[in-house]
Each structure stands twice: as C-alpha cells, then as structure tokens.
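Dropping the structures in below, format is structure tokens.
Next come two complexes built around chain A: one with chain B, the other with chain C.
And then the complex of A and B:
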C-alpha cells in the first residue's frame, strides 16, 4: 500500500492520507482530480471493486463530503476517497462511465442530498421518495419534527403522555428502591 | 465446480430477427403497436423477501425491458440514527434485514469499536462468530425455500422454513429474541450461552444435514430445476467488477472474494474453511455455491462449538453509554452476509450522535443494475427464479 500511495503522491500534490486500519485507508483529493484518480486507481492500481459512494453533510463548513470506497482484490485493502464540494452550488461530475452501477448511488444522493450529477443516467428519476416536494431529507437542515407536525395530525381518540411522568406513574414508581443491577466486570 | 457447459459465461440469446426491432442493441419499444405489454412484477410476489416491484415490458412471454422500483420499505433508518445516541442505534439497525439481522449488529458494533478504540474480549469474539454463522444458516434456509418455491416446489419451502424455526429457537435461547436479536453491542455481546446449548446445537446440525440430504435429492438432482436454472442469469467475471457484484453471486462466477477469508473478522482466522467457487456463473451454479456454503456454515458452527472456551469475559468496559462521545473520524466495516458484502460506513464528529451512518447492502446493485440487465431476454416465468438466485433483500436497498 505504501508504494501505491507513493505513486499516487507523485501524480497529484497535497495528498492527505489517513490510515484507519491495516486494511482501510482514506485519502482526500480535490474535486477536479477525482475523475483522474478514480480511473487511475481502477485501471492501474487494481482497485476494481466499488463498494459504495455516499455523501456526508457538513453544514457548519457549508460543504458536502463525498466518499468513494474502493477495494483491491489482490492486496485486500479498502481505500476511501473523500472529496469536499460546495454546499451552496452542490454539483459533482458524474463517474458512471468508470463503474456502470455508480448511477444508482448518484441518483440516491441527488434525491437525498440534492447534489446534482449532470449527465448521470436516470438521475432525475425518483428512487424511494416518489412525489416528494420538500427539501432533500438527508440534509442536516431538514426539520423532521416540523415536517411531521405539518404533515401528520393527531387522530381522535389518541392521547399523548410525557414519557418521564408516565414511566414514574406506571412502571418504575419504586425504581429508586430497587437493588442496583451489577455487571460482572464491575 | 466446473461444468463443461456450452453456456459458460454466455446466457440465452433471443432471436431478434423478426421483432422487436433492434437499434444500437436496444429494442425499439412502441406500446401503441400492440406487440408489447407493460406489466408489473410486484410489489408482492414470490421473488424476494420484502416488497419491490419490477416494471416489465414483455413481448410474448419474453422480457424486453425491466426497471426496478423500490420505496415500499423506506423507513429512514439512516436519518433516524443521526438523531440517536450511539447505543440507541441498535434496535434500529437489526431491522434493516429481516432474515439476517446479526450482520448489521456486528458491523455497527465493530464500527463504533474501531472509532472509539475498544478491544473486544476473546470469548465475545467467539460468541459473535457463532451468532453470525447461525444467522447465515437461517438466511440460507430461507433462500433455499424461496428458490425452490419460485420454481413451483412449495414443499421444500415449507421444510426449510420449518427447519429455520428450530434455529430461531436456538437464537431465542441465546439472545432472548427470535427474529431481531440485539445481541451484539459495542465491546462484546450481551449474554453468555445458556447451559446445554452446545449439545442442542450439535443435535440441530445433524437434523439440518439430514434435511439437506433430502433437498439435494429432490431439488438439486431434479431435471426440471436443472433445465430451468442452468443458463439462467449468467454473470461473467468482467461483470462482477463492473457492477459491484459480491458474495455467492461473485464466487459462482469464479471471483475469489469472501470477506471471512480475505479480511477475517471475529474468529474466522482461527477456523478451518476454504473458498467455495464455481466457474459457470449461472443461477444453478449460484444455487450450488450457496448450498455448499450452507454446509460450510454448519461445519463452522461445529468447529466453534469445539474451539470456543467455556468461561471468560464477554464485555469490555464501556463508559456510560447514554453520554458516550466517540472521537471524530470515519470508518468502514464490512462482513460477509449470505448475500455478500454487507458494510457500514460511519462518520463521527466527536459528539454523542453519529454524523452519518450508511448501510451498504449487497442487494443495492444486485436488485437494480444487475437485475435490470439480466432480466432482459428471459421468460417472464423465470423472473422470480432469477430474483431469488440473486438473493435480493429490498429493505437493505432503501434502508
């Protein structure tokens, strides 16, 4: 793996490498280098298997982190490629030509995070949220409580209890007196 | 396995000389011409455990186009976990896959341990490995019943589901739950084995093998099964890497990829096992590989019963889990489920809540990209068999 990272470092500058385990490394690359790096790793370094592609919302930095997880069958090592993109203008180049099944992940990320992948096949089709008109729900600023209150309404005949009071009243009224449960290692 | 088959890595090729007309290797589909019918397979159908539908365009009884639609089982687990403390994720993750929930529990526990730097005691690793193998047996039995059922052999499905129930009895003894176990937690497992568990497990292994002997005769040696599964849904080795195919489906095409052997976790490195592969790549080869892996799992459980020490700690010391902060970082942990690579990508930002948890299931590509490709040109009556032979589990697609 050292040799691979060394060769990779020769190709691009400012490569940030994090070793998580013996069989898992992460590298951080710039957006404009992603296509080249993925092709290079797949074709020249035998990272042929794409485990997944996913996004993480870093709303405080106004960024999305995209992760491509690759696997090499020969040296049996996973390599995660992190790419930071701008959250305001959320757009990334489509990599579906490198792995034919990548369009699926891009379609899901487009639906769940609102990141656009121009040119990706079927990217505008709905994946699991048919008829969804709200903001992409996996974004951190999507307010689930507000959405639930607006969309669902209390049904007649149903009552709500404050969990703390209810537990005290119904179940654990003598909890303070009960013997302490001890674990073996304590 | 090496069948000298004329269909090696080559599926059935339809006669396209008349219609549908082909343009750039794609059929010209005009629904107005009345030569095609659009129909739906699903969301409820015998092909998979769960709800998923395939939009089909058929010409006669031949499928010319297929498109997978999911969304019937989306429960927003990943979003829920972003609002839960780490320990509160456990009742959620096991529900990602009904037949085989333990792989999810293992991956989430191991991801948290990896980020927090917790070392799991020896005995707990043995118990985890035992739990994972038992869940593989349960899931394979369910698959075997489904594969037979999709070809009209309902009795075999009843035998295997009946036998799976006895394995669920063992799960109940071991964990307290039949379907969802919540057995593995960060730092180890919740309970040690009850008294007499090893003897009862050995007894059940003998009974399961006796049933498998019957199934081998009635299913794998059945001329109809062979006629229908051989040459169906052929996956070539090139397709495996291009489409991210994993698990028995990849091994049936000659790719030596088994996480238990290549990246061993738990106590797999101390167990005696070898990679089971085939170089044929069709649905029958996948069935054969899975059948042998079922025997392998039974063998591994026997080995674990012999090698596992009696006593020992089953839990590492954890901080108060309700106020547990995991250091910032990211990790990916994977394990071999019956469908193939099952992994969890977890990102922590140093707070009490995970920043992102992503569950990668094998069905994600198997049921969409791969199925859409393999379903074309086959008969509509073989579609259910093809879906089962890819071992699809829709809940892990949409989480």
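And then the complex of A and C:
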C-alpha cells in the first residue's frame, strides 16, 4: 500500500491520506482530478472493484462529500476516494464510463441529495421517491419530522422516554457506579 | 331539493381515471365499488363459519414484518393447521397482511393489490409501524397510519411481533369474521372518496386507474 500511495503522490501534489485500519485508507482528491485518479487506480493499481458510492452533507462547510469506495482483490485493501464539491451549485462529473454500475448510485444520490450528474444515464428517473415534490430529503436542512406531521396524519397519544434515564430507573440502578469497561482502542 | 339531470348524476357516479392517458381510459372500467349486503341470517352465519376456516394469505411482504411470515408458514409454527395458506396472487387471496412499515412507493402497490383482491377480504396490520409509525414516525417516506388508506380489521402490536402473536391475531380475526364484524370491504365502498382523497394526497404520480383493474 505504501508503494501505491508513493506512486499516487507523484501523480498529484498535496495528497491527503488518512489511515483508518490496516485494510482501510482514505485519500482526498480535488474534483478535477477524480476521473484521472479513478482510471489510474482501476487500470494500473488493480483497484478493480467499486464497492459503493455515497454522499455526506457537510452543511457547516457548505459542501458535499462524495466517497468512491474501491477494493483491491490482490492486496485485500479498501481505498476510499473523498471528493468535496460545492453545496450551492451541487454538480459532479459522471463516472459511469469507468464502472458502468455507477449510474445507479448516481441516480440515487441525485434523488436523495439533489446533486447533478450531467450525462449519467437515466439519472432523472425516480429511484425510491415516486413523485417527490419537496427538497431532496437527505439534505440536512430538510425537516423530516415537520414533513411527516404535515403529511402522514400522526396518531395522537404518542409518548417517548429518554432511554438512558428510563433504563436507569427501570433496570440498572447501579449502572452509574459500575466500573467503565475498558476497550482496547481507548 | 335541487333537481339534476339523470345523465349528470350518472356521470358524477363514474370515476374519472384521470391518472391514465386519454387513449387508455377506455380499457378500464369506471364503476365504483359497491356495497355487498349480507345474505339471510342463518346462511350468513354458516358462510362466515366457513370463511373463518379457510383464510388464504396474499404472499406480498410489504416491510420487515414479512420475515415473521416465513417461520409462521414452515414446520415450527405450521399455520396450515388453522386452515391458513399462502396464495401467489391477489385474485385468490382473502387476507392481506401489511408487514410493518409502508413507504409511499409501497402504499401504491398495497392499494393496488388490495383493490385487486376479491371479496370478502380482510386486512391484518402487523407491527407498531402500521399503528402510529413506530420507530419511523418522523421519516419522510413512511406513512404513520395505515387505516387512512385501506380499512384494517385487526392490528397486531409489537416490533416485531413473534409468530405466536400473529397466530393470536389470526384467532382474533377468526372470531370477528364469525361474528360478522369484518366488513372492511363495505367500509371501503362507503367511504371510497375519503380513502381516495387520502391516497392521492401522498401518491403524487397517480398513473393507474382509480378503482377497477
């Protein structure tokens, strides 16, 4: 993996690498370089398998993060490619020419986050939400509770408990006093 | 009283089928569902007794609750000893089990399947999601109350209810059928406009006929 990262570092400048586990790495890539890097990793470095693609809404930084998760069958390592794109003008180049099944992920992200993928096949067809008229629901400024109350006739009489307080009262009287369980990674 | 032309009244009673394209409307019927009155007293009692002993399920798992139907069918709980069997198509089934949460995409298929079932038909709503939304009460895609969209005869609470609870629910349904209390089909026919209004409020792309299939 070290060699791969070394070779990658030669290709693009200021490469940010985060090692999460022995078999899980993330690199941060600029939007312009994504197509080139994905092609390079697939053809030259044997990351042939695309596990999934996903989006995260970083509303504080006014950005979306797209992650392409690749897998190498020979060295058995996952490599995630993070791309930050602008949230206001959310648009990303379609990568379906590299992995054809990416069109399905792009269609889902287009529906759930409202990110445009120009040129991606069937991207405008509805995936889960048929006839959706509101803001894309996975954006963090979409208020699902308010939407649910407005749309789905909530049944009155619903009550909730704070699970921590409730369990303290009900079952685990001595839970607060009990010694903290040490985990290996702490 | 305001007088109306007979043709006008007839026109109002017909369904518009507005979701369909113009040239396809002629292929579907535009009649409303109509009430089915019970037979005479003793015959109805006998028929209800028979109906309660051969409940055929529609094999349509509409949520995570459908996983509980597999142990129910197979050898451990073996529901066929109660005269209950699964059927592959709505035309042959008489009991529709709503297995847990129903999203908007699913409720469209639920309504479609329910309307295709032949009467007398019964609905069992399984799990707390169908009662008040359960743990998905604040979701953008999960309906909170199933009884606003199709009539429900029996609820089984729990998340998930075990197959024993389902068998108890079936027994409750049997009792209700034998007493003649399960007339969800007539309820649907009587309040048809209200149900349609609720359904169309959430199913925005209504591209199917209004009632008849």
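The rule is short, and it goes like this: the second predicted complex is superposed on the first by the 153 of 186 C-alpha atoms of A that agree within 3 Å, B and C clash if a C-alpha of one lies under 4 Å from a C-alpha of the other, contacts with A are read in each partner's own complex, and residues count from 1 in each chain.
Operating definition for what follows: contacts are C-beta pairs under 8 Å (C-beta built on N, C-alpha and C of every residue); 3 or more make two chains touch, one makes a residue touch a chain.
The shown structure was predicted, so the numbers you read here are calculated from the model rather than taken from an experiment.
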Open item on the list: Quick check for you: in the superposed arrangement, does A:114 touch first (chain B), second (chain C), both or neither?
Closed with: neither
Open item on the list: Contacts for A:26 in the overlay, against chain B (first) and chain C (second): which applies, first, second, both or neither?
Closed with: first
Open item on the list: With both complexes superposed on chain A, which partner does A:147 reach: first (chain B), second (chain C), both or neither?
Closed with: second
TODO: Kindly classify A:130 by the partners it touches after superposition: chain B alone (first), chain C alone (second), both, or neither?
DONE: both
- [ ] Have a look at where A:73 lands relative to chain B and chain C in the superposition and call it first, second, both or neither.
- [x] first
Task: chain B or chain C, by number of chain A residues touched - done: B
Task: chain B and chain C footprints on chain A, overlapping residues - done: 126, 128-130, 137, 144
TODO: Please name which positions on chain A make contact with chain B in the complex.
DONE: 20-21, 23-24, 26, 48-52, 54, 56-57, 65, 67, 69, 73, 76, 78, 80, 82, 99-101, 103-104, 126-130, 137-138, 140, 144, 183-185
- [ ] Within their complex, state which residues of chain A touch chain C.
- [x] 126, 128-134, 137, 142, 144-145, 147-148, 151-155, 157-158
Task: Parts of chain C lying in touch with chain A, wherever the complex brings them together - done: 103-105, 108, 131-133, 137-145, 148, 198, 201-205
Open item on the list: For a test of understanding, state which residues of chain B touch chain A in their complex under the given definition.
Closed with: 70-71, 74, 76, 78-79, 82-83, 114, 241-244, 246, 255-257, 262-263, 313-315, 317, 329-332, 334, 341, 343, 345, 347, 355-356, 358, 360, 364-365, 368-370, 398
